[in-house]
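Next, two complexes with chain A in common: one pairs it with chain B, the other with chain C.
Moving on to the complex of A and B:
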């Protein structure tokens, strides 16, 4: 029995996620979904949320991965400075944006371009990506690339077989986590965003908590729809990327 | 350069005037006890689950791993709409325990991931060795596995604290304003006009994780010291 037990956690999490989804589903009718697709406010909110989520994710993954690659080769305390934003909750990071960016043009909070939200996410997510990928980079075996060099592989192929296969899954997984978080987060966009169009997390939460109960089915429909889409994305992601990298890592003795 | 980019924004938090907001202070009891119970639960479940994911093979455990990480990829706040209705039916809404259960969703997947990584880094052979050396589970944890998992334990506590402190929407919804965590007081201050009050709230938000982190650091250091003293030569056959 020293090998542990995953049942309690699986039942707890699957139970809560599944039941939350089931209740939301039971509160909606087909009419609610078709109305959503005709609702310009909802569609615009999705558009602006995707813009914020995609740009924060791409930027933080690129910078975080670059930093991890850079610091993987050296030891020392410099990398530890990056841990400091991990101590600051997202709410606090939003306050920093209010404090510093308020009087600036273009990037101040409540601008339509949402730059302040993206910057806040970068401050929090770059360190997250960095510490997520640092052990992966440290575990890379440089002998694979040397072998590629010996076998006369092209630069691109050397990178793919030496590093790419080991990095692809963790990088995309970290990107997925950041993407899902920035897409649906409430606190930061509620403080820094504009009143119209609202980001999807804020829009749905406000729909649900408003005194007007008639809009609640709409909030439930959004919940079901977006959960479904993300779940589908996740399945496609694991189905296509995992097999690609798993074959190689399985033959590897850790 | 990077260090500067990270640190300089925090300089603005140094208080120029000393203020004391009793409303923030009153939320501390709930906040700290919530974090304490939540962290403990995370460690308990995360430890056992992370071990299973790291050391068990087969299709079933891979599916379980995927199911466990679902809250990382799905909108937890939106799913909590449905949960709230269920919590009302079960009598968990507006209750400490109801909020506690929902806060497990955004925290537990991270915890399990970190424990999985820690156990993988430790390695199966090392675990087998430890099972051979010390058959008693409690002693094995206290003397061997626990101290070796130190850095994982530290990161888990930090992450759980920071995530739990940030949850305004989730706590407002499930706690119905009855369960007063610090985010509930801090959030309105940020959208208000008083920068001084907002700054004070932010200082609390930053100080709490640091405080909890250092308290834990001292406890873990003490644990390791005690283990060192107790084990001194006891298992070392060469010494006798």
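Moving on to the complex of A and C:
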């Protein structure tokens, strides 16, 4: 794993997020948050965004992890093909969807089922998950599983002790990054989404820019809310799951 | 640790160091004579930020205006496409951050965007007072922008009427009013739609429905309940393109659907806008205009300069050039754009007047008499907001 100095990046990112959060909080009052929860358009938007973000995350993690597991045992250049989508920005991927999916039924852009958005995210995020997990898979020590076999552990237990504990945290890390991104992203849903309900990133941007700008506080409230929820998720991850997997992998707790 | 801190500080300095040289003082620019403004504008670069969703308009700027200002004033004109609402947002952020020298010199603006810009002090000042070509501009068009007094902050660039366009090959008997339009849509499911209301043109479509269905009293009160309008749009909805489950996000998307033949109608401000689209083969050959008897909203669009323009002299000269009779004539004829002139044609020379009259109208352009008795004034920007707020809940949902 990369062990370079993370301080400058950490400081810069914390500074930017912290300042953004501070500005957003100072622009909002309690009333804005309670108005959000009474706004049916917002609630539906958050619902549909969760549907898109959760499906994109789960599917890309499953497929990406499976591919990483498969290619970890292979040598050669085949896996590098998966790097191609990484060079294309999300905006470009969305245009690809418009170009190639427009005349197809069910998965064409601007359908209420949002399949085209999910497919675009899969196209972009599967390679991301793949390259994130590939080194983890390559470092896995197959002797753990052999040991399990020798000790007569069940298939499931062998997987958990041989691979699961080492994979759990990196998988959750990658999943968190994909989830946070797809939940609040703008370009892809702006190009491929439907008029109603709008995904939360698009709805927030509309509130922020449209008309007499009187609804800007609500846009700030949404971003505070989402940042808060994601931060909470992150804390739960690092506080509970990481110590757990570390303890297990060091063999202190069964 | 020290090393990293220095690196961060250096990055910060680098970012801060990008600021450009200060712009000339506003009082000095607007207080000087046009001749000296012209002299100061020589050999400068002007950045014009404008909505870029129409190829004809873009070509008019790039292929006609840019070479013209280069030749006449040695100005390099650069066009930057942007949504007008985003532009206002950018200027607001710059104002808040105290950025006194921005990057935008000329903006294209009207309606609620102008109201917002004026309210927040985002515009340069009384620019029209120094422009010699203002003497040609129609004072009526210049006076107010959708009910907001212009107060010399912007100069009228063009004047257009809202017009529908349809493909005669697939619409044999075009509807004459909103009721007939509804019947047509029901009989031809999937062949009609309008842009969603965050789009300038889509919002205006709803205002036309308001004009056609709501009483005069209701139309004076943006807080009224526009029941008839929402009911009408909901009746249309199941018969629209994609069963009304989604709408084109922008006029450009609606135009693409029309060009592909997915829908049989498109619409927009500017009665002549289909001319060059037909000529270039984008729109169907048999594109015809349609003005509903319920009325057509007249709209004026304007040019202005932001408060922190880096090159206000160049901006003033560019705007003055855009208001000249020859630039307006080129804008009016079908070569690029076909946009209605903002000039009062009685003030220009008789040869220029004749040239305007001699511009041929294509089959896609309505005869001037079509608008008799149908021209409606633009509604107050408060209506734009009401539509944006209520349409998603009461129609799109």
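Going forward, the second predicted complex is superposed on the first by the 238 of 254 C-alpha atoms of A that agree within 3 Å, B and C clash if a C-alpha of one lies under 4 Å from a C-alpha of the other, contacts with A are read in each partner's own complex, and residues count from 1 in each chain.
By our rule, a contact is a pair of C-beta atoms (placed from the backbone, for glycine too) under 8 Å apart; a residue touches a chain by one contact, two chains touch by 3 or more.
Bear in mind the structure is a predicted one, so any value in this text is a computation, not a measurement.
In the superposition on chain A, A:154 contacts neither chain B nor chain C. In the superposition on chain A, contact of A:5 is made with both chain B and chain C.
By the touch criterion defined above, A:74 lies against neither chain B nor chain C after alignment on the C-alpha atoms of chain A.
Look at A:123: by the touch rule set out above, it reaches chain B but stays clear of chain C. Using the contact criterion defined above for the overlaid structures, shared-chain residue A:240 touches neither chain B nor chain C, since it reaches no partner. In the superposed pair of complexes, A:208 makes contact with chain B and with chain C alike.
By the document's definition of touching, of the two partners only chain B reaches A:87; chain C does not.
Counting the residues of chain A touched by each of chain B and chain C gives the higher count for B. Overlap of the chain B and chain C interfaces on chain A comprises residues 5, 7-8, 12, 190, 208-209.
Chain contact summary for the complex, chain A toward chain B: residues 2-10, 12-14, 16-17, 19-25, 27, 67, 78, 81-82, 84-92, 94-96, 98-100, 123, 127, 135, 176-177, 180, 183-184, 186-187, 190-191, 201, 204-205, 208-209, 219-220, 222-223, 226-227, 230-231, 233-234, 238, 254. Within the complex, the chain A residues that touch chain C are 5, 7-8, 11-12, 40-41, 44, 110-112, 190, 193-198, 206, 208-215.
Of all the residues in chain C, the ones that touch chain A in their complex are 1, 4, 7-8, 11, 85-86, 88-89, 92, 112, 115-116, 196, 198, 242, 245-247, 249, 381-382, 384-385, 388-389, 392-393, 396-397. Every residue of chain B that touches chain A in the complex is listed here, in rising order: 2-3, 6-7, 9-10, 12-13, 45-56, 61, 64-68, 70-83, 85-86, 101-102, 104-105, 108-109, 112, 117, 120-121, 123, 127, 131, 137, 140, 158-159, 162-163, 165-169, 172-173, 183, 186-187, 190-191, 195, 198-199, 201-202, 205-206, 209-210, 213.
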